[in-house]
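Structure, as structure tokens:
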Amino acid sequence: MITTSASPTPPCKLALIGGDLRQMVTAKTLAAEGYEVAVYAMDTYAGDWGSVTRAADLASAVGGADLVILPLPVTQDEERLHCPLTRHTVLLTEVFDALKPGQRVTGGKVSAHVHALAANHGITVTDYLQREELAVANAVPTAEGALAIAMAEVPYTIHGARCLVLGYGRVAKALAKTLTAVGANVTVAARKPEDLAWIDANGQIPLPFSALTQGDTPLNYDIVFNTVPEQIIGANLLSRLPCDVLLLDLASAPGGFDHDWAKQHGYHVIWALSLPGKTAPVTAGRIISDSIRYMLNEEVSP
Amino acid sequence: MITTSASPTPPCKLALIGGDLRQMVTAKTLAAEGYEVAVYAMDTYAGDWGSVTRAADLASAVGGADLVILPLPVTQDEERLHCPLTRHTVLLTEVFDALKPGQRVTGGKVSAHVHALAANHGITVTDYLQREELAVANAVPTAEGALAIAMAEVPYTIHGARCLVLGYGRVAKALAKTLTAVGANVTVAARKPEDLAWIDANGQIPLPFSALTQGDTPLNYDIVFNTVPEQIIGANLLSRLPCDVLLLDLASAPGGFDHDWAKQHGYHVIWALSLPGKTAPVTAGRIISDSIRYMLNEEVSP
Amino acid sequence: MITTSASPTPPCKLALIGGDLRQMVTAKTLAAEGYEVAVYAMDTYAGDWGSVTRAADLASAVGGADLVILPLPVTQDEERLHCPLTRHTVLLTEVFDALKPGQRVTGGKVSAHVHALAANHGITVTDYLQREELAVANAVPTAEGALAIAMAEVPYTIHGARCLVLGYGRVAKALAKTLTAVGANVTVAARKPEDLAWIDANGQIPLPFSALTQGDTPLNYDIVFNTVPEQIIGANLLSRLPCDVLLLDLASAPGGFDHDWAKQHGYHVIWALSLPGKTAPVTAGRIISDSIRYMLNEEVSP
Amino acid sequence: MITTSASPTPPCKLALIGGDLRQMVTAKTLAAEGYEVAVYAMDTYAGDWGSVTRAADLASAVGGADLVILPLPVTQDEERLHCPLTRHTVLLTEVFDALKPGQRVTGGKVSAHVHALAANHGITVTDYLQREELAVANAVPTAEGALAIAMAEVPYTIHGARCLVLGYGRVAKALAKTLTAVGANVTVAARKPEDLAWIDANGQIPLPFSALTQGDTPLNYDIVFNTVPEQIIGANLLSRLPCDVLLLDLASAPGGFDHDWAKQHGYHVIWALSLPGKTAPVTAGRIISDSIRYMLNEEVSP
């Protein structure tokens, strides 16, 4: 985690409404740093509350809050707030009704519907999931989650396994580093010459995409991790891999493997999404708190 | 895996009787290197058999074999061979009856009872599990298995986690290296000055055992991995750890934590044994084949 | 080094005129890959020439060449070609006179004067030093060169040394990775939140620039490596460092330290520029050959 | 460096007589930890003295000292103390004359002559250079020194270089780790199966010595580091290496390369000894202070 500033914490009031363990960790982390933090709709949380205040109702939670933090995702069905830590139902409109027009609000994975609803109430909701530093930080739990899945699925060690990583964005960079660190033999396929140069500099084997897709030679990899959200791995490539390869897709829809073809032909495919929240919710919550702090500092020192 | 020699493979006949996936991988690996390999009591194995021969009966499997390889463990109840890959029961005495006195035999985790039974038949069974290079090689799957358990159990990333490793034998060395590689903050507690020097040289924080056991300061670790088969972590140490610490014991009986005390006081304790066979049986099988090859070379070139 | 493509090498003729060992290595590397390579003005090179052709004169070297490769830097004094491997003087205008207007030419660190001279001859000279993949690849020899200087200058090991890296561009990324790898305790100061997230992900201690420049606390670092070409480290920061700190400036003019102040006050400052050519000319030549190959492939497959 | 104990420092008086920068660092490090430290014959040292006392004469330095620490090496010519930090000559017999019979004395690289001289005075001198934890700790500066030499000597980066390390003792282990860390392609040749297993576990390529010495295939390495003090690399092996290989011998006499043959045939051979004292005297001094502390604790708690 990152200590972002030597500067004193501004006298700031934060309200966190709903959300899962991540949201609770965000609340506790920020409270521990001296922010005044009130939460609502998290009443069944059984752990230690630290210096977080449980608000009696929505109005007292958000009243006077410098920033209102909605969950990730904001809703479960576009209408009801995502709030698994309470037994009550909270409608998103209830929350917006309780806010003052112009009050500062953020949330994770904000849909077009949520944006529209907010606009009706004179509210703008920023999406913290679109912040670059949060996406970078999330690459670490994603890479660890992918490693954990691979370890659980294959009957051999990752040490010495021949791994192919497709793409060289944030997740691929973190994943390639982690796999290399545990002793895998890692090849990374990328398009840009500068990415290939980084791959070499970072101790993996660079493979131009063109060299991967051309030809019909066998591709002797034990595990293929895809990070590119484009259907790049179809029948031609798949059929050149060993039949007992593990295909692990980390890319959002439509994914990178031709999942239908792969399943029909008996390949072992796993599509793993949203790993930080699933495998490391505490870390995910801390990462969100880092971004909230950045947001607040940006406000304070424009 | 290790290519042990540039020398030509001796014209050797090997018999593998019973065993699980590890034994099958050992058979296939050695067959692929040119050894003449016959197996018995593995008939339900559904994978690719490579150039391994299925013997019709025990006698034809072991007849003329330069080395007979028993499973790991040799028996399930001291009498019946450990042979989960067949539906038949094979008694260990049947195997010994089929052998010639003086025929060369090895197996894994050979009990006193097995040694005695063998002696009655004029047979000496060496235990490949006691070979140092096999124990070293097994430290890697053990460390990976421990990492996988830790990843599955804790709600945060190992990257950034504060890990304490107790002991600095084979498993501890491999584990400390792996944890450091994935970005954990690793402290290793050891007794010998030279071990503390190695710990520092290898990039972990050395902690003399005396400094760990003395005093009453809190021990701020997220995960404690024990590798020492002695009850070294009792009430005094445990009560100085955070209540949500993960205690992962990798040591054989009696283990290193006071498991009873820890459970009574609500600690999260996991005792994980025989990880190579459980989490990476293919690697475990290859490691056994490495040791078999060493054994055969030692015979050939004394 | 990077094998950039599985595609066949185009039937290409290359001419390399002048240059130092790097240029010779570029010539040999490309010749070894099947390119037809002629060189001129490198006649005193005493090593193995491989399949490189020594042209008798400029005209025969460049005649029909698909690409003419000038040295790095192109000239030593804006007029005479940089050609330390010959005893002759070659004027840049001689070279341009020998070329056909429109002939494809590249070179390293092409000055405005060289561009103007080329334009007079109807020639466009691209600068391979401005290619991103070359700059990335050069970060590795730069980082190693910096490590070598640090090792030679300080009376303690880099293992365990407290190092501060300023900036997080290409060189800083490679340097931070290398220092961490040899066991240094590495802090990296950067401005952007996403850079701080990468620094944490990559196992170094992230330090916001603002936290570095504010306050008056002592800065306990043994070595400070600057990579930012801006005067960011003046009297205030320098005076908070230990008096025996090593200051190693890797940034081009004006550098990042206030060199005058530092020297006047007895600090140990080293300003190291153009490290790849100085400490690893063979690697630098291979990196140039990688970029030449990319250039040629871009031409062929637009 | 290692904090060896949570226990309080015994009220101990130490005398350090003669020696170079290492001895001075040892004195300062121990004084900073609360030991009462007097030095003699180091009067020209121009750096900061910390809380070290300069004794006026030998008698006052050693009088009442719980441990007298002689330099490394003890003498320059068996008679005169190794004391480059003074302009005076100090005879070893003078030192022994000033001691009480039975007083505790240690030193580095104690020769048979020094032992005999001491015995004449009723003194036993232990040799701290023979302590295992000191030898382990010294492997780090030795490995860094070897890396620094290699970097300075070869015209390419160590990243990507094909390195062969001979032996797998302390120095070889530290060196293989360091070379791997900076991105070299590292093969380690060893004899024992368990060493080969460790080499694989640690991410290097294991090569059995027998495979190295048999056959007549070319050995494509850029740099060969020897750590074995036996003439194992003679004409047969050398002639299979590339003519521009760098041979770096780290082994004490007689070294591991056939130096005469290598030089006669134009190979580039460097024999680098006593690297810690040469390349990292401050670290070497701290390592000695660690061992002194261990010695003192052993005395106190037998």
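Which chain is which? They are A, B, C and D, in the order written, and residues in each are numbered from 1.
Simple rule for what comes next: contacts are C-beta pairs under 8 Å (C-beta built on N, C-alpha and C of every residue); 3 or more make two chains touch, one makes a residue touch a chain.
Worth saying up front: this structure is predicted, and the values here are computed from it rather than measured.
In this structure, the chain pairs A-B and A-C differ in their number of contacting C-beta pairs, and the larger number is found at A-C. For chain B, the chain whose average C-alpha position is most distant is C.
Separation between the centroids of chain A and chain D, computed from CA atoms only, is 49 Å.
The distance from the centre of chain A to the centre of chain C, with each centre set as the mean of the Cα atoms, comes to 37 Å. Within chain A, residues 1, 140, 159-160, 183, 200-201 each touch two or more of the remaining chains.
The touching residues of chain A, counted against chain B in their complex, run 1, 21, 140-141, 144, 147-148, 151-152, 154-160, 178, 181-183, 279-283, 286. Across the complex, chain A is touched by residues 1-7, 131-137, 139-140, 174, 177, 192-194, 196-198, 200-202, 206, 208, 210-211, 214-215, 290-291, 294 of chain C.
Taken in their complex, chain A has these residues touching chain D: 159-160, 183, 200-201, 203.
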